[in-house]
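Order of writing sets the labels: A, B, C and D. Residues in every chain begin at 1.
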Amino acid sequence: MNVFVSRWGEADEAGAYNLIDQAATFRGLATVKEGRVISLAVPIKGGSRGPAVPTRPAAQHFMIRDGGDYCGGMLERAGFGFADDVIMLPTHGTTHIDALAHVWRDGRMYNGFEARQVTSRGASRCGIDKLGPIVTRALVVDFGGEGKSNAIQPIHLDALKATVADGGVEPRPGDALLVRTGWMTAFKAGRADTLLSPGLHSDCADWIVEKGFALVAADNVAVEVLPSGDPDCAVPLHIRLIRDHGVYLAELLDLDELARFKRPACLLMISPLRIEGGVGSPINPVAVL
Amino acid sequence: MNVFVSRWGEADEAGAYNLIDQAATFRGLATVKEGRVISLAVPIKGGSRGPAVPTRPAAQHFMIRDGGDYCGGMLERAGFGFADDVIMLPTHGTTHIDALAHVWRDGRMYNGFEARQVTSRGASRCGIDKLGPIVTRALVVDFGGEGKSNAIQPIHLDALKATVADGGVEPRPGDALLVRTGWMTAFKAGRADTLLSPGLHSDCADWIVEKGFALVAADNVAVEVLPSGDPDCAVPLHIRLIRDHGVYLAELLDLDELARFKRPACLLMISPLRIEGGVGSPINPVAVL
Amino acid sequence: MNVFVSRWGEADEAGAYNLIDQAATFRGLATVKEGRVISLAVPIKGGSRGPAVPTRPAAQHFMIRDGGDYCGGMLERAGFGFADDVIMLPTHGTTHIDALAHVWRDGRMYNGFEARQVTSRGASRCGIDKLGPIVTRALVVDFGGEGKSNAIQPIHLDALKATVADGGVEPRPGDALLVRTGWMTAFKAGRADTLLSPGLHSDCADWIVEKGFALVAADNVAVEVLPSGDPDCAVPLHIRLIRDHGVYLAELLDLDELARFKRPACLLMISPLRIEGGVGSPINPVAVL
Amino acid sequence: MNVFVSRWGEADEAGAYNLIDQAATFRGLATVKEGRVISLAVPIKGGSRGPAVPTRPAAQHFMIRDGGDYCGGMLERAGFGFADDVIMLPTHGTTHIDALAHVWRDGRMYNGFEARQVTSRGASRCGIDKLGPIVTRALVVDFGGEGKSNAIQPIHLDALKATVADGGVEPRPGDALLVRTGWMTAFKAGRADTLLSPGLHSDCADWIVEKGFALVAADNVAVEVLPSGDPDCAVPLHIRLIRDHGVYLAELLDLDELARFKRPACLLMISPLRIEGGVGSPINPVAVL
């Protein structure tokens, strides 16, 4: 018997994405007041590790045809010139979303699928290709603003609940949670370390699951606080949310522009690349106000 | 004097993206009836060239940590195991959007910027980083359905106008145009060649500009018909739309599922990766009905 | 007890490379009559799969700085201009040498090391970094010449022994064996398939080991005949030579120029890149006559 | 008129490689006393920049099939298991040799070829594919040993000549010059900077050319001292040797083991990968004593 069996059935590989039904999407659309579109991604610079942790390689951007070629004498054949390029990047090395296959414990990932199902060929289970585009409502909580003294502390459940309550929007299943910790603001200013980060404490996990959030996205390295302070696990929130409940995590967002509008909720769109067997995807999340 | 000067000023690098104002975004949102979310991207398979033209390399998907490593004896340190990967792909080798820096003629790209501004370092002008997320209304025209006899012919302006008129939705500035030619349907069935494709004839260009479309996206290789039949230019629609008017082109979409709903318009969301100096980006476009 | 234990001890990771002692190197040097240097490698073309089998990606050659950049206006700072590039290639996708970690059977590789010691981090045992430069005598056998009727047949032991005997050079421990099958000649002419190749039959294995050859290098895909005709193993010579005895195999050499000199022996130099944990290396083998 | 015309003719792309004739190769072979083979390369570590300068990306080593895959349940089909990998590295990012196309001045490279002939497609002139394997005699000069006080100074011509004279071997055309500066010894100990390096002063250039050296190889970043101290050029020795005279430079060698033998000359073998249009190649140079 599979003790891990998901509420969406033993074959399910999509997890809490199942919660984003048409009603959730509609609820997201209904938050829009002005039609203002905001990108929540950091730039990808070739040759730079960007905000990624040191174990991940730098992004590379290679030009395979460029204007210089023509300046050097290449003719514009058939009435036009063009440029072409190749991008290479760790899927977790810039603003990204984790596939459910990204983490496991005791050899088991979400829904009891086994770590051994992730090989050199990619993830045959729970890959990022099992996650379709996310269009839903996001509740926005900001712990990173000026004058907030707790910016480099763990964000505990009471603080999270209080901040959500302050926003006045009641969470509903299929919602996303957007958490600004201030880490990215500090990183952009050259004042943050990729292995030390404010973030959610794992005591938030049960409430997040209970409220039915499909996704938690943050402006830090791991959504959760680093180091976690948990002697048994470096990333307990990952295990509780991704592994145990199929809740998605998205990381390294830039929420600074969004934060200026001080809205408790927005429409959020995240559309991962359909990488077969990928264990994550770079994304350019979009908030619409 | 710069004879190419754009209507958005001589410094403009965003082109027709300027047309997607808050009203356009709102118009897109207003088309949604059900909250149904549809991905318009083809899968990205490591090792496969997918629908890309032969001059572009295959996508590669490399695992830098996987479950097999743990099966082989690696310990789950700190209470968890994980997988990590790297994706490498030509930005134009799967479902993608062209940057305005992608094409030029006579050494000049959009707004008179020069081809020489695209070097091994990338596009210092009109790169994909100058294009923010697109959230707007799309008019959907379908020339690829069963029983349609003109699937491998050029789509001329009269046919395009008639089909748009049939849809009953009047184009407005900032709209996108989604064109299904049937090429991808044939490609998926193994019956299409990447260098031969139905598509728009360049006689559609002026009308597209006049109506204020910000983007034309299609399920084929180049939006336009290949070969173009134009003795002066292999890709005249690219030159007219991208170069002369800053109108964006997105290619290699899969519009088959969307087509089943036979809607004349939908909400379209395209969110390119923020690749600094990139001349295109892989995307997973989203239609919401 | 490790039943696989090597004659060079249970910790040995270098295999038959141990046979190439100073005497073997001297013997190689003594074959040189003219000082004529011949490259035995095929060219590496960016974007081409070359002679590699279909499961391996094409080589890619990316310029990260080039002359076109300067033509486009980049200044020669500090009194010079320069070009820089990046090469990406499957280590077995062009003329190459296999590491002992390249193959195994029943989970065991050379000297009883385990397949599980080859992970996403590379081969912690028997990687190509355990193989130093090879400078030794090679016996040259040519089955690929014009008028030779057996070019696409397996080369059986009797034929191999007869051809070596015809050459008049008695094999000595630490020698290499260079085998021309004619496959590369056919491949260059567009008349060869990467999965069908003349080559040594596995009945040659014991004699190769007994004579003390440290290396067998050939102008074909796998040194051995493909398909092998062995119902139990697709590559029995690999298992017998690499796994059971630590004898190295090098593949995809171009022996056409060398063959024109009709020498029974030559000095052979092969110097693999020192890729830590690599399971092979591209090489440019050198014959000196 | 091409004022740059080479002594080997206006079409020549090989430069001083022409000097390595059969006599030079024989002279190299004649230096061998013991048959001792020494690798002069540093290891290539995936994920590490190694001794490369900061503008070059780190090497990457990707496994596309490994033992962990089998541990996870993949079957050894057809009687064997195997590992496969891909290496990606900047050609100048580890022990390497420069192609003549690597540098230029005033838009002209060796023999008057133009920088514009090096584009995104690679070097159509003077690429590394124009350089065959080098098998020749090398004169060894050691400025890096213990107790040598000038290790971080420029090595001027008088010191170079004196050290060569001390060795007692008269240079002959086609010889190589192996220069140990001590930089790599310091780098391995974590005490060297990639932009500060002892090395040859450009006042050595004329003598190197006059003596007919085909190659100068060193254990530092650029063969020459960095910074050069020349107000007109950051790398005057590169320009004088590579550009003006087609003399090859090889860099980032590890000469520590070789130095222990205190030999004034050795056989040197360098066999660049045959990368079409490459502007350099990683190498594993071999000294034979």
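In the analysis below, contacts are C-beta pairs under 8 Å (C-beta built on N, C-alpha and C of every residue); 3 or more make two chains touch, one makes a residue touch a chain.
Small disclaimer: the values here were computed from a predicted structure and weren't measured.
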| item | value |
| --- | --- |
| Interface residue identity across copies subunit C, subunit D - same or different by half | same |
| Magnitude of the superposing rotation for subunit A and subunit D (Cα, nearest 5°) | 180 |
| Chain centre separation (subunit B, subunit C; CA means) in Å | 45 |
| Centroid spacing, where centroids are CA-atom means, of subunit C and subunit D in whole angstrom | 24 |
| Residues of subunit A touching at least two other chains | 55, 57, 60, 63-64, 66-73, 86, 115-121 |
| Subunit D to subunit B touching residues, read off their complex | 60, 62-64, 66-73, 86, 120 |
| Contacting residues of subunit B [partner subunit A, same complex] | 20-26, 29, 32, 34-37, 39, 41-46, 55-57, 61, 63-64, 66-68, 70-71, 76-92, 101-107, 114-123, 129, 132-133, 135, 230, 232-236, 238-239, 269, 271-280, 282-286, 288 |
| Partner subunit A, residues of subunit D touching it in the complex | 47, 55, 57-58, 60, 63-66, 68-69, 71-74, 114-121 |
